[in-house]
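The structures considered in this document are given below.
Consider the two complexes below, in which subunit A is the common component and subunit B and subunit C are the respective partners.
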Partner chain A sequence: MLNGIIRRILSAIPTLLVGITLCFLIIHLAPGNPATRFLNPSQTAATQEIIRERFGLNQSLPIQYFHWLKQVLFHFDFGYSFYNGKDCTEVLISALGPTIILSFWALVFALSVGISLGIFTALRADTHVDRVINSTMMIFLSTPAFWLGLMFIGLFTIHLNWLPGSHLHSLYYDQLDSFGQLLDSVRHLILPVFTLGLPLAATVFKYIRAGMIDALQSDYTLAARARGIRQSTILWKYSLKNSLLPLVSLLGVIIPALLSGAVIVEVVFALPGVGRAMVTAVFGRDYPILMAGASLAFFIVILFNIVADIFYRILDPRIRNSAGGL
Partner chain B sequence: MILQICLLCLNIFSLFSCQKNHHGQFEHSDLYPKNQQIQDGGTLVIGIRAEPESINPLFALSQSSRNIIRLVFSRLADINEDLKGFTPRLAKSWEISTDNSQITFHLRTNVHWQDGTPFTSKDVVFTYQMHINPVVAWDGMAYKQNISSVEAFNDSTVVFSFYENHRSMLSDAVEGYILPAHILQNISPQNLFTSDFNRHPIGTGPFQLNSWIDMQTITLLKNKRFYESGKPHLDQIIFRIIPDNFNLLNQLKAGEVDLVESIYPKDFQAIIQNWNHGHSDIRPISYLGRRYDFIGWNMIDPESYRNSIDRGESQDAIKYNIQPNRLFGSQKVRAALTMALDREAIMNTVNFGMAVPMNGPVSPILPSYNEAANIVWEYNPQKALKFLAEQGWTDSDGDNILDKNGIPFKFEILTESGNLLWEQVATIVQAQLADIGIQVTPRFLEPALLYGKLLPAKDFDAVIIGWSVGLTPDFSPLFHSSTFYTPFHFTGYYSREYDRLDELAKTAANDDMAQKYYDKIAQLLSNDLPYTWLYYRMECSAVHGRFKDIIYDRRGLYNNPEDWWIPLDERQYIDKVFKK
Partner chain C sequence: MILLAVKNLAVQIPQQDKTIHLLKDISFTLKRGETLAIIGESGCGKSTLCLSILGLLPQHFQTAGNLTFYKNGVEIQLQDQTDPHFNNIRGSIVSMVFQDTLGSFNPLFRCGQQIIDVLKEHVSGSPIQNKQRAIQLIQQVGLNDAEDVFNKYPHQLSGGMSQRVALALALASNPDLLIADEPASSLDSMAKNQYLDMLRELKDKTNLALILVLHDLNDALRFSDSMFVMYNGRGFEYRKKSDIQKTPAHPYTRALIDIQNSLNQTRLPQQIPGEVPSITKLIPGCPFHPRCSKRSDICRTTFPPPTFFLNNHFVCCHHYFKSN
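Moving on, here comes the complex of A and B:
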């Protein structure tokens, strides 16, 4: 299996390089010029050239690309932001924390709600309760995150004044004791986590419910019942285990979806994450930040796909024992 | 669905209820009586949409950066409300030499940088060197073009020498915030853009940076070494970064944010109504700002311009030999298009009354503004059709579109995508010009494409955008032939008469002479119409009513932050919590 994992990792490297190269080309070949932001009516052509030189934009595209790649591969240096001159690696590292916190709790929320409701409704398939929950989850699945976020803010922040609608902390966070700080952070995270987690919970719910209904109607469940095995054992040991299997590969898709969902949620709730840094970079044509963010996104997507493949192999003996394997 | 219908109804209701123009009552600063006992302390929370790029005056471009810089740094002198005189700041006085070639500034001797280092004339000389250094590429470099040297006579005296005697010598000299030489001289100019100073500035202003949490907050504390004793009155100012407009306004309403600038006119109307009815402590404030919107007509033929450039023709040859635009090359056509537009309706619809008419190039906030000098093209579709007919544009084939020699009068009007106001203007212009048989296609483009490619290449028909103006009139980058190839001069306007008047206005010995030339410029440009000026916008801001003595006027909102204060009995939780 180890050979398979190594082979999988090695095959991911060209994918990563091709992806990053394509991203570099798309960003740099888009019409317009990042130096335009610095234009002012009294600026001379010489000054404009100095600004282009400051960002390396006076060089040809291949030279810009190879210079960037060399810096990244050999020095792990993504360059400086065109917008504020900050080190891109520092920008991403400081933004990664809030994104990980938000994504982690959204994932926990999505899995717990999705799995529990999926099982609950599968056991009551085609009842009124099942139809109500199913329809509600379909609404969350099809609702855009920004709209959901704004509705939550409208209801819980403005109307009911129960929860804060922006930022990671209150302004007076530093003045609170440890428990107060914890409570403050939790209160600030509830709405963003719900906004990001609900559509994902609906996705998980859909998979689990379908998987469970299939498993409950399968021959092996029937055989287990015939052997007199207890219903709870059948449910937890056989049906759930089998219906959870597709969830492993689904996680490989959910993680990137979390990242892209975080973009919207971070802007709506003013959270200082990678998504928001990327949005600012897109509007400001901040190529170095965009490239650093895109590289990180590619890396995460590929990494989680590999992890999902490995777990799938570990959990499913049919794949583990097949000749193809990883 | 029901909720969406309710929201739609609410929007429609607010649209109709906001037609009344209320702005007059918010144009003046609400100052407290002088004999009031001013109490120190309190916190001001300012909501901003975008994170400042830098708090280094050399690299600040955004409004939020400039606002923070105003609080952290000082100039030698600040311009007064009349836009003529100056109030001493780091300079306590100045004198102009008898031959008008030098200005000597006498600096305050009680000023310290926020790290405790004394401020001296060396800082002023160093700042000038940074301002003119091409590697730094400071965006105000043009102000220093007439300065030949800046020399320190002693620690508290500095002499500015000038090439020519201009009216703007003093304003040129004091333009730009003074930088700390003892910190920045150790950093090479090439590395300044990425230096740590940009996020950890040391200034001489009334407030100093305490913390900057990425994409969250920037906290400034009272500078206890500030040179004006007893000031500032507020303990701290927190800038809270809230990118979403809906969230920003809600935090303002909820009292989590005290001050928001540049509120959309529609949202501003709700703030006015709540304030007028006593439903809210949020005080609307508005004043004539710095921005105007216009339609820019491409007066030259894009293809002949492109071919000339490709052929490598000399710049003069291109300028003089270029073909006029097939549609907008004629002054009569531009005048007709201007008369076909009900600009007042456009102004009121998109700005909800928070704008004033504009008919010529001079901004109404400037002393040189004279409305009588402009030629006003009133809304008159019939006259517009007559003008167009004189130019050969008639509906000869009865398809309701004007045509000439078989070519229909069709064009694209570009604007910035995402700018809802300009997108609305484009749609209204499309509808109004359709009424006289002109087919307009609005096209909304990403800013980098619009400003970075199409406008500099003069590859467009017409464009709806806006400019932000300075406190001194300068139209050269837009209309003077010397700037014909620069990105801002995208209309291709060329007039020897304009060039002559522009140069005379700039070099006029006194304000009266300059006024004469500015009036002639206004008359010429409002007749030639390289732009159809649409309206001049009012700035809409709001601040919690507990903040007193905020002076706002045509210079902006941050004129006297060191004087802002909160009466003790109006203090709120946020004002007290930081006292722990």
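Moving on, here comes the complex of A and C:
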């Protein structure tokens, strides 16, 4: 098992490298030039050239790439932002806080709502309650996050004025006592978490409902009932474990979905997270920030895929013992 | 001493435009220690009959008739039990080994754990006692390395082992009646005979009643006390094995025995002309009449009423008296 995990981690390294290389190339292929950001009517072509030289953009692409890779691999140095000269690592670390908070609560929300509703409806398959919940979840599944976010802001912030629709805190946050600060943060998080979490909850719901129905109709459930095993054991011990299996492999898909979803949600709700930093960097052609963010995203996606693989193998003995697996 | 009495059991699926009759008018009785073989071609309702005895038919199936268990002088009507009470019958009175034994294990739990779950449900004991009992059960079904099997996952078992562990699981609750649906159909003939012999020994030791659902008439003739021949959801003939072997009363039973004899004599196998009718198709009269060599006009219109012998044994054929 340990050997398998080490093998899996080693095989992830080329994936990471190929991904980052492709990303570097694609970013540089995109039209536009970082130097134009500093363009003003008094600048001459020579000034432009000076800026390009300062950023190292006058060198050929392979040289730029290997220079960047060397700095990252040997000094863990992602460079400095073209825009404000800040250290990329620091920029990302400071932006990571809001993203982690948002993603974590969205994941908690998606898992708790998805799993509980999935079980609830699987036990009532093909009833009216099941159909209503199922259709509602399908609507959330197919709704784009940016539209959902805008609708939430329109309804709960502008129309009803119940919840704030932007930023992490209110302007008067520092003047509040600690309970007030907590309440203020929670109020600010509700709409973004719902926007990011609802489509994910629908995905989780779909998997759990299908898995649970499958498990409840399976031969082993029938056989367990024939042996007189009580319904609660069948449900909570036998069927739930089986229906959670696809969810574990889904983890490898959920995390990228969270990351890409967070980009949109952070922009819609003006949250200072990694997503918004990336969007700003894309528009400003801020290559170092973009590359640092992309590397982080690649790393997280690959890491969670490995974690999902390991969990899957722990939970499912059939894969654990198969040859050629982990 | 009678353990189970099935009287006029009928199972049907109501649909919008018609009703599909899966079982019609099934009646038999089973004594303690008796082995009843249910014989019939695929799709004749054998498995439905087993599941209805366990009360495990899907909810949209309608059942009628009586299923009565007699335990310690108490009559338990299965039809009257609401679902939670069924759990007291399932396992403790009747248990079942399924045809697809590997599919009847939960793939994510060790075999031993699954046996312990059954023990927890029906037998009170400490975790250590339960483990010892589980290992005993595995030994009882003829597996030597019981500790090893206890720790195995279902997918690690061979075909023969999984048959035996499935039997251990079914016996863990100490039932009075064991239903085995094609218990050894996936085994080669030597392993099958060993398995059925072991089942017979276990039955003799514990006075267990057995319902064996079998394809193979030879096995039925070797291992059963009485036989129930089914066709198209109906019981055609229910008699002692020795009687059926000597003088099959129904033309269908006779045809089955003739086929078996031809196989035993290594002649080219005969076959019954025509096809097995689908259970969804409504055939007026006796459902066997299109394939029967003795059919007459009445067979086409009326299902023959049962002619009873001793012990509620019967045969349903218009021509029974004529041919005898």
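Points to keep in mind about this one:
Basically, the second predicted complex is superposed on the first by the 326 of 326 C-alpha atoms of A that agree within 3 Å, B and C clash if a C-alpha of one lies under 4 Å from a C-alpha of the other, contacts with A are read in each partner's own complex, and residues count from 1 in each chain.
Going forward, a residue touches a chain if its C-beta (ideal position, glycine included) is under 8 Å from a C-beta of that chain, and two chains touch if they have at least 3 such contacts.
None of the values given here were measured: they were computed from a predicted structure.
On the superposed subunit A, the two partners subunit B and subunit C both fit, without a clash. Touch criterion met: A:315 reaches subunit C, while subunit B stays clear of it. For the combined arrangement built by superposing the two complexes, subunit A sits at the apex of an angle of 150 degrees to subunit B and subunit C, based on C-alpha centres and given in steps of 10. In the superposed model, A:70 lies in contact with neither subunit B nor subunit C. After overlaying the two complexes on the shared chain, residue contacts for A:7 are found with neither subunit B nor subunit C. When both complexes are overlaid on chain A, the residue A:131 reaches neither subunit B nor subunit C. Comparing subunit B with subunit C, more residues of subunit A are touched by B. Once both structures are overlaid on their shared chain A, subunit B and subunit C have a minimum Cα-Cα separation of 36 Å.
Common to the subunit B and subunit C interfaces on subunit A is no residue.
Contact residues on subunit C toward subunit A in their complex (touch as defined above): 54, 56, 83-84, 87-92, 95-96, 98, 100, 103-110, 117-118, 121-122, 153, 155-156, 166, 169-170, 172-173. Considering their complex, residues 218-220, 222-231, 233, 237-238, 241-242, 245, 315-318, 321 of subunit A touch subunit C.
Within the complex, the subunit B residues that touch subunit A are 45, 50-51, 53-54, 59, 61, 134-135, 137, 139-142, 193-195, 198-199, 213-217, 238, 240-244, 246-247, 250-251, 253-254, 256, 446-449, 451-453, 474, 476-478, 483, 486-488, 574, 577-578, 580.
Every residue of subunit A that touches subunit B in the complex is listed here, in rising order: 30-34, 36-43, 45-47, 50-51, 54, 80, 83-87, 91, 94-95, 150, 153, 157-158, 161, 165-169, 171-172, 175, 267-272, 276-277, 279-280, 285.
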